[in-house]
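First chain A sits with chain B, and in the next complex the same chain sits with chain C.
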Partner chain A sequence: MVKSSLTEDRVFNTITVVLLAIVGITAVFPLLFVLSMSVTPYAEVLKNGGFIVIPRSVTLEGYRQVLSDDHIPRAFLVTVFITVVGTAINLLLSFLMAYPLSKKTLPGRSLLLMMVLFTMLFSGGMIPTYLIVKATGILNSVWALIVPSAISAFNLLIMKSFVENLPEELFESARVDGAKEWRILFQLVVPLSVPVMLTVGLFYAVQHWNTLLSAIMYVNDRSLYPLQVVLREILVGAESLDLVEAGAKIPSETFKMAAVIISTLPMIIVYPFIQKYFRKGAMLGSVKG
Partner chain B sequence: MSMPATSDARGVTSARAAPRRRLPGAIWRHRVFYLMLLPGVLWFVVYKYFPMYGVIIAFKEYNLVDGVFASGWADPWYKYFKQFVESPYFGQLLANTFLISFYKLLFGMAPPIVFALLISECRYSRYARFIQTLSYMPHFLSWVVIFGILTAFLSQSSGLVNRYIGEFGGDPVPFLTSTDWFRSILVGSDIWKDIGWGSIIYLAAIAGIDPTLYEAGRVDGASRLRMIWHITLPGIRNVIVLLMILQLGHFLDAGFEQIYVMYNVQVYPVADIIDTWVYRVGLQDLNFSLGSAVGLFKSAIGLVLVLGSNALARRWGGGIW
Partner chain C sequence: MNKKGIMTTMLASAMLAGALSACSGGNANSNNQGTPETSGGNAAEPVEISIMLQAAEPLPDNYFMIDELEERLGVKLDIQTYLPDDYTSKINTGLASDSATDIFFLSDRNMFNKLAKQGVLFDFDPYMDQLQPTVDFVGEDNLVKGQAAGKQYGIPQTARAYQYSLWARQDWLDALELAAPTDLEQFQEVLGAFRNDDPDGNGKKDTYGYSGRPNEALGPLFGAFGTTYPGYFYVKDGALVNSLYDPAMKDALAYIKGLFDADLIDPEMLGNTKLQHKDKAFQGQIGMLYFNWPNIAREDKIQEYKTVNPDAEWVQLDLPQGPGGQYAYYDDLGAATVAAFPKSVEKDPAKVEKLIELLNYVSSPEGSQLVMYGLEDVHYEIKDGEIVPVSDEAAVQEAAFTYLFQFTGRDEMVYLKSKFPNQEAAYTFANEMPLLPVYNSFVDNPEGYNAADASRYMEEELYKFLYGKRSLDEYDDFLNTLETTFGYKAYMDAAEQQLTELGILE
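For the complex of A and B:
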């Protein structure tokens, strides 16, 4: 009896470990494959039946093409700009709203919260939003990629509930010392909110890095296209041949894969360091949602 | 006896009058907070509430010269809704939106649950954590990058899969431009992206299960599979149902960005959803009124679905509001 349950346990453990390994490999292998393809000469890829994990010979030709491309370096800078500036604006506006909204004594607080919440339930839709973006004069500028998504109601609520749970006595003692509310916000609330700021800030930053839809809706000027839009054009142009005009050069596989890697590079580099904040954030999101 | 009565009466009057007298004062005392709120509230008003008002162009003959206010009313006011409902696209768009959402819900529900069970059952906790970390990674890739990965494997001319098919003498399959494959690719890549991320909430729910139940199970000699079936799954049943219901609230979304990135003219018959159509008709063909009408149609049904599903979730024992 004991023995059989032991064997059963061992079998069970093995199956768990194997299945988990499959999930883990499935998660990372596709990107590793793309990485290998981006550094392997295409002739070599074909010779090995296409399946390469560890490249036998390495070329940086794809990356050289990416760096000397007409659009990619500029698009990279646009994306870095909207990620840095956009996230800073997101966090500033979110703090400026989260702190007052965490004050239970604030007259009109529940009305303001309702106002925020309702935007999660109903929206004017794509076209009326486009017309407002146009009316505010930011259409076809880099601000069209930042301002329309300056606040996420969801992230704001996560932040508000964090600030709400900070001990009120701290604020009281600061007030006794004669500190003004602005000082309390920036010298007390913000430093104490670093954990939630990292989590929410990372959500915002990822969202900016992956910006696509606001660019295709609000920007016509090719020099303002962020990375994701340019990458999509490269991939689509190559995939559906009817889009490629006669004589237009078809981008090489190595080039395409190098462009994919460049577009996700910051994520790959910082991911190992920040993933624990993402996990916390997912918990916050799912519990507080 | 009369003394306490009067004082009582006075107390009541003052308590009643207090809020009225104090409200302007309270607002004044909080003025710095309103100042802090000002930029954010302005943003919400301009970028969230003005468009809700701007949706009236769904009932107007919008033209660029006259703008939202001066453009004349459509005749009849429901002209563009009628045009949409009677258009040949209506059935197709609705069916595509509905089916893609439905498949994502149907096939996307179980994988994160199974993965969470595997993680929680794994005895080597460091190994499990490592796998977990790897599994979140795809969640942060953009759809364009995922499309790039898909072309590496599935492209008709150069994809890995087609090269193998070719080697075994088969004809290359145009996975990314074939109406037979497109929805499967949508659903599959969606599952791949979020299996790890989606498992987080189930893991939290599993962690919340009373450990004495497992001890009791062990004493009774229950196998681990039996314990999963009789303890773990019932323990997270509420979370499963809750998430399923909440997803129902976003049924009409179906994944605009993913589909926009991956679709092409060849697969429109199976891939075109409400959002992609509104984008093309509204922003590419500049038919603002028709686009707004269809957008409003979607938002209104979406609101009903969210409120309805949340009411359902609350009855099940935990809404989000």
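For the complex of A and C:
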């Protein structure tokens, strides 16, 4: 009996490991492919039928081109700026709204929540939104990439349910000790909400890092283009013109893939550091109560 | 503590934002400074002109052409470039919010008609006298391409040379001891040999006869039957014919289906939306290709396929002769990229004057030379009366972007000759491809006819016929559905009537 359950365990474990390994490989494989393409000369790629997994000859030419490119380093700075500042604004505003909404005693709470929920389901559409951004006077500035998306309804609700689940007794004892509302907020609620802050912060940061459409719509000044816009131009640009302009320079595959790596790397690096909070934050918000 | 932290972050971000905007502001200023000085006696404030361009890649920073045009015309230019995918939505939001650029370009006739009907485009009619130099440059006959409802809402650019032709692996033909095909029968034989007789000698059946983009590659085959892709209007024996209803269409479909049935055509052809077919061809999987010369004949491209296989040799082939003659593709006579202004510029006569001056300038011998080649002795030299690029590679690269400023087009053959002296044979060959003249762009869609839906249906059914998913016996049923469900009958009637009114049909 014991023996057979051990074999069962072993079979189960083997299957689990194999399955997870397959899932892991399918996740890593595209990354590896892009990485290999970015360091292999394009002629070499073509020789191998356009498919390289382990590079045989290595060139850093693609990276040299990316880093000496007119647009990519500046776009990188813009993206870092909107990610850092944007996320800070997101967290501040979202939290300042999530906290009061988490209080069941707030007058008109359900109406406010309805209004928040409404924006999750319906939006004004492209042109009306554009008109609002224009009327606000932030068109063609980095603020057009930050302000219109300052609060995401979804993230707000995650924060709200997290704060809702903090024990009410804590606040009461703080009040008994004579703490005022602001002090409760900043010295009690905020420190306790670090996991959800980091989780939601990561959501926001990734969203900012991937800013694409709003930049295309609201920004005309090329020097304010974030990374993804420039990256897309590199990746699909030369191929999207119907009649290829005879003089147009077509970026090499190596250059394209190097650009992909450079623009993805920061997020890949940040992920593992936030991941532990990420799990904790998502769990705490949903289960505890 | 936390409060302080947040305040610091906000302060820091505000400072950073300031630094960023100062940065871009600084650029604009330095551009600005050059203008008043050099334009000398011109009015104090240069007129600001914004232009939206479709570009595959961004302009380099501080591009010389902008400075040059600003200086020569006493204007301040704001050049915005977008990918074709974004361009349309930028125009739409721009016009809807009254913030469109002063010049933009429309290459989709349906969109041009729609905007003209909405009354958001500038009417050039009162200014045609002033635009005479531009009109001379683009050609009086061409003007009709920029007209809607009898009014001149756009200035068409000169036509570009046709770039596509049949390309084949000469070394494969040699290895199989085959001659270049001249008729449809030989064409099929050659494709068959490319597929079945192991042209690359690797002992594997891993090659295909033919590939290209789905909306281009079949052009020469339809052309051999004297027709073209479904849904195009042309004149045959003095009568207006839509290729859908041309009896030759069924014959062409039957022939092309034969090629698909024999598995001679790249099985992934429908997925070739970008450069996949070229890559496959360069990798030695395809024997014949219908594609444009810049992607095959430019030195960098030759080097690309030579690296894969030093013996590879791509040559241009004549079109196969069929019962309906030889056509490579169709040529939509009414289609052109047109330059348009938003109606709102009417309020600013000084600006209108400058805009017209700009169009006239890039159409003048001096201006046209500038936007074609750049600056003399910087980007090009004149040797024996001919314009040749300078030997400095960086300067040639810089001049590669001048095409964006050819607002009214260019003298194509002269331009290509000086920019691509080594590819002359290739582009001359492609430009001489016989094209079937079609009139679709002259037809304004009738109310209720959804062109996008109808053409999607046509395309889907076309490939169902070719891949044998639907029997050709059902062709008439297909037409019937198209006429009734998709309103094609109304479109046909409208086309007949409009083309007669325009004097294309007697």
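In the analysis below, the second predicted complex is superposed on the first by the 234 of 289 C-alpha atoms of A that agree within 3 Å, B and C clash if a C-alpha of one lies under 4 Å from a C-alpha of the other, contacts with A are read in each partner's own complex, and residues count from 1 in each chain.
The rule is simple: a contact is a pair of C-beta atoms (placed from the backbone, for glycine too) under 8 Å apart; a residue touches a chain by one contact, two chains touch by 3 or more.
Everything numeric in this text was worked out from a predicted model, so none of it was measured.
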{"item": "Residue contacts on chain A - larger count, chain B or chain C", "value": "B"}
{"item": "Partner chain(s) touched by A:I127 [first = chain B, second = chain C, both, neither]", "value": "both"}
{"item": "Which of chain B and chain C A:L170 touches, first, second, both or neither", "value": "neither"}
{"item": "Partner chain in contact with A:K180 - chain B first, chain C second, else both or neither", "value": "first"}
{"item": "First, second, both or neither for A:M115, with chain B first and chain C second", "value": "first"}
{"item": "Touching partner for A:M217 - first (chain B), second (chain C), both, neither", "value": "both"}
{"item": "Touched partner set for A:K47, first chain B, second chain C, both or neither", "value": "second"}
{"item": "Touching partner for A:A88 - first (chain B), second (chain C), both, neither", "value": "second"}
{"item": "Touched partner set for A:W143, first chain B, second chain C, both or neither", "value": "second"}
{"item": "First, second, both or neither for A:M267, with chain B first and chain C second", "value": "first"}
{"item": "Set of chain A residues, in rising order, touched by both chain B and chain C", "value": "49-50, 126-127, 130-131, 216-217, 232, 236, 238-240"}
{"item": "Touching residues on chain C, where the partner in the complex is chain A", "value": "2-3, 6, 9-10, 13, 16-17, 20-21, 23-24, 27, 54-61, 78, 80-86, 89-90, 92-93, 96-97, 99, 160, 163, 274-275, 279-280, 282-283, 292-295, 303-305, 307-308, 397, 399-403, 416, 419-420, 427"}
{"item": "Residue ranges of chain A touching chain C (in the complex, touch as defined)", "value": "42-44, 46-47, 49-50, 70-71, 77-78, 81, 84-85, 88-89, 92, 126-127, 130-131, 134, 139, 141-143, 186-187, 190-191, 216-217, 220-224, 230, 232-234, 236-249, 251"}
{"item": "In the complex, chain A residues that touch chain B", "value": "1, 5, 8-9, 12-13, 16-17, 19-21, 23-24, 26-28, 30-31, 33-34, 37, 49-51, 93-94, 96-97, 99-101, 103, 105-108, 112, 115-117, 119, 121-133, 135-136, 147-148, 150-151, 156, 180-182, 185, 206, 209-210, 212-213, 216-217, 228, 231-232, 235-236, 238-240, 253, 256-257, 259-260, 263-264, 267, 271-272, 275, 278-279, 282-283, 286-287, 289"}
{"item": "Chain B residues touching chain A - in the complex, by the definition given at the top", "value": "23, 26-27, 30, 32-34, 36-37, 39-41, 43-44, 46-55, 57, 68, 115, 118-119, 121-124, 127-128, 130-131, 133-145, 147-149, 151-153, 155, 158, 160, 163-164, 167, 176-177, 192, 195-197, 200-201, 204, 221, 223-225, 256-257, 260-261, 264-266, 275, 278-279, 282-283, 288, 291-292, 295-296, 298-299, 302-303, 306-307, 320-321"}
